[in-house]
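What follows is a structure written as structure tokens; I'll ask about it next.
Chain lettering (A, B and C) follows the sequence in which the chains are written, and residue indices restart at 1 in each chain.
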Amino acid sequence: MASVLGAVERDGPRARSGRGAFGILIGPVVLLIALFLMPMLIMIAMSFVRYPPNTSSGFTWSHYQQVLQDPINLHIAYTTLFIGTTSMAIMLLISLPLAYYMAFKAGRLELFLLLALVLADELAPVVKVYAWQVILGREGFVNWLIPGPPVEWLLFSRFAVIVTLSASYITYTTIPIYAAMKAIDKSMFEAAVDLGAGWWTQARRILIPLAAPGIFIAMILVYLPMLTDFVTADIVGGTGSYMMGQRVRDLILGAGDWGAGSALNFMLLIITLVFSWVAYRFAKLNRIEA
Amino acid sequence: MSKGAEMNGSGGSGEIVVDRVTKRFDEVVAVNDVSLTIPGGEFFSMLGPSGCGKTTTLRMVAGFEMPNAGRILLQGHDVTHVAPAKRNVNMVFQAYGLFPHMTVSDNIAFGPKIKKLPKAEIEQRVKDILHTVRLEGMEDRRPGQLSGGQQQRVALARALVNRPAALLLDEPLGALDLKLRKEMQLELKDLQTRTGTTFVYVTHDQEEAMTMSDRIAVMNLGVVEQLATPKELYQRPASAFVAGFIGTSNLITLRVDRRHDGLVTMDLGEGERILAPDPGTGEGSAQITVRPEWIKLASGEAGTRASSVSGTIADVVYLGSVTQLLVDLRTGERLSVHRLNDEVDAAEPRPGDRVVLNWAAEHSFVIGLAPSARDPEPEPERVEGRSS
Amino acid sequence: MVDEVLRPAGVGIDIPSPARVRARAAVNVGLWRLFLSFVFLALFGPLVVLLLFSFNDSSILAFPLSGFTVHWYEVAWSDTLLRLALVNSVAVAVAVTPLCVVLGTLTAFGLTRFRFRGRGMIGGLVGAPLILPWLIIGIAALMAYSKLHVTLNLRTVIATQTICTFPLVTAIVAAQLFRFEKVQEEAAIDLGCSRLQVLRFIILPHIASALAAAAIFAFTWSFNNFEISFFTLGFQQTFPTWVYSSVRNPEHTAVVNAISVVISVVQVGLIYAAVKLLRHGSEDETGVIVAVAA
């Protein structure tokens, strides 16, 4: 997705000032407006309508007040943030060394690892999540390995959600970081070693700062879907892992509360946009042109 | 008779005229009122540093850029607003622009195919041109499987197969290593002679231009500084820029103390002087250039029509066939002097030695009246660190 | 005269014994291997477990495994609901893919090869469906459809999935278009090509394999998409929604295992082909794959 934004920043080969662009882009743009932008606007409108979907019932801020004042929402927001941040941290712990290995050490394995990451990512997410149920279940693989009575908190818990989310998004965290590291000139490490830097200094002073753009992109790619995830939480989560995505879904489909649901959804939308804008800015700021 | 030959028209002269052409990119003037006339069959080079407007001029001849003012004429026809595809000139690009998904022969046959030449003729032409550029047996390779020099030849063949009135070459040897570049220079010159095609060659490498060209236009900051044969450029540079850009050159500011016998003289005392032919005009001082190989270390009394000036050797640089001496004059100027190493184990001067330099008055070439304040010299010879 | 600042400080080299160097290198390699195995376990372990259970002679998902059977594959084959869900998923993906390829390619051309006012805005609009979570898009679509009294069915799924997926094609094709050397186009024009001939002989061959790969990615994205289908499907089911509703039913899980294995194997083949195509299209092997993912 960053590359679509990137497409706008760079000039294509033989960029022309174009009337031709109109004819080419009119179709996609009209469809985007009709099928993407307009639904968004309808959803936003619903969050201000007193008795949605009846638009003639007048406008109100009450849905937002209701959403913000409900202590349950606050609690859910906290849970979601906790799960998201913990998973993100775990993923970075895996992705940073993995990306480093791929970019600098893998040799012929590099392409193989890349392929593996893409493959793992493109398999049906629902199936992958479900598989963790089998692994973490009461009579699952992990409990079979661990001696003694079955550990109950492995499944239908925050733990299960964190493990599953972390495993699901390794591809999305690793590849942008790997791409950023790929752009680093290897001789920089040689120079650092020559100047007497140990591996920790190299990582802290060269690798991480130069890979920062990739890390920020990874955060856009991963944080946002995690904050709105409900499939993982539904399948492997429990009462302690009720997340924002589930809340929105349940408000709309379960309780039929379009007002609160769309208000909450719109707030998530705003958070998403602000977060990705900030992360994208940071990524660009930290990019060092070779 | 082939279509290509018809297109060449008017006796296949291949003459190119660039008539008072100006090109601006936004506010930057890339080419400023440039006029060139390139007769058919000439190997013509445009030489200059990057950003001097040489490539832009070439691209205007090819049709990839439109001039803001002026005209381009090919064989007498005004083609200023004719699309590149419709001009019977072809271009060889610096990055070659070979089509990676096509074989060598498909690449070469591309132009004739687009022009819908008969199949048999295309085959014949491809065969001939492959022979000309010595790529027989490579027909079915892809560009990715060729060496840099071979890719270069495919690019040449792909352009020449269209039998263009003129071939435009944009630093075509820039991507090759030095040795291959030297070989390709000779090959290009040979190819040009054999085909009789007008070659317009853009380069920033003065040696390359000197080796191949019939005439060279030295460009700087969007204007032509001098248009002349290689020999003229070297011996009679029209400006300090040309003198500095073509080979190494010494620039000396000559204060005119005396004029006599068609010479101007700067007296430095103790019989030392610098002479130059009298340019006839101007008062005060003039700027002269002297090639390093024309300056000799004095072995006796200098003739009356020779400059004679003493200095201290600052550095000695062994360059193989010659040794370069950097000599500090008492005027504060530093001269580069080349001594031919035509004897094994000849005695070498050392840094710190005092020497007297001579050169004939005719070897001082006046390139202009010196400005009163000292301008920064183009391409000065700099040697870091004086030994004390 | 040597500058005092530059005077060598004397050489003090601390040379570890060769044995220690070797030992440290071995530990290093060992640690990396361990780490990579762990990553692979996280990535593919779940699927291996599914594979094992799909041949397990018990409907209870419990270790240790009992006997070997292909029974669950037979059950899956004859499950009509499952078959319907698969047919729906394939139908949606078959409709979505060509739409995405056309829309995505047009957008990639428009955005990369022209400069015009509002280019940034359109780029943002195209990129937005990729950045916004599908939950948000799905709910907005659901509200819009019901507000405008559009009946939810496969058509609504196709419409919304197309909007969410074609920007992916744009990203892949745009990446390949950026890779395109302008000089090739100029060479073709120089050799007498019209704009249309440049497109046909030079640019299309250049992006052909990227287009094919993009089509495969669009297909799998559509096939795998859960959120959009979940919100815009109405009473029908696609394969992901069928899995989602079946995993809660203990009697169904063994069937889910079997069909998941089949689907995954097919997808591995497709994705492998797509990556191969992308590599074929460019000398820089890893670059395009990165471009797809990022």
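Convention: a residue touches a chain if its C-beta (ideal position, glycine included) is under 8 Å from a C-beta of that chain, and two chains touch if they have at least 3 such contacts.
Bear in mind the structure is a predicted one, so any value in this text is a computation, not a measurement.
**Q** Taking each chain's centre as the mean of its Cα atoms, which chain lies farthest from chain C?
**A** It is B whose centre lies farthest from that of chain C.
**Q** With contacts defined as at the top, give the pair, A-C or B-C, that has more of them.
**A** Most C-beta pairs in contact, of the two: A-C.
**Q** If you average the CA atoms of chain A and of chain B, how far apart do the two points sit, in angstrom?
**A** Going by mean C-alpha positions, chain A sits 57 Å from chain B.
**Q** Just curious, how far off is chain C from chain A if you go by their C-alpha centres, in Å?
**A** Each chain's C-alpha centroid was found; their separation is 15 Å.
**Q** Once you find the CA centre of chain B and the CA centre of chain C, what distance in Å lies between them?
**A** Computed from C-alpha means, the inter-chain centre distance equals 53 Å.
**Q** Any chance you could list the residues of chain C touching two or more other chains?
**A** Residues 181, 186 of chain C touch two or more partner chains.
**Q** Under the touch definition given earlier, write down the residues of chain A that touch chain C in their complex.
**A** 1-5, 7-8, 10-18, 20-22, 24-25, 27-29, 31-33, 35-40, 42-43, 46, 53, 94, 97-98, 101, 105, 110-111, 113-128, 130-135, 137, 139-141, 143-144, 166-167, 170-172, 175-176, 178-179, 182, 217, 220-221, 224-225, 227-231, 234-235, 245, 248-249, 252, 258, 261-262, 265, 268-269, 272-273, 276
**Q** In their complex, what parts of chain B are in touch with chain C?
**A** For chain B paired with chain C, touching residues are 62, 64, 83-86, 90-91, 93-99, 101, 110-111, 114-115, 144, 158-159, 162, 388.
**Q** In the complex, go through chain C and note every residue touching chain A.
**A** Listed in rising order, the residues of chain C that touch chain A are 32, 35-36, 39-40, 42-47, 49-50, 53, 60-64, 103, 106-116, 119-120, 122-137, 139-148, 159-160, 162-164, 166-167, 170-171, 174-175, 177-178, 180-182, 185-186, 217, 220-221, 223-224, 226-227, 239-240, 243-244, 247, 253, 256-257, 260, 263-264, 267-268, 271-272, 275, 285-286, 289-294.
**Q** Mind listing the chain C positions that touch chain B in their complex?
**A** Those in contact with chain B are residues 1, 181, 183-184, 186-194, 197, 201-202, 205-206, 283.
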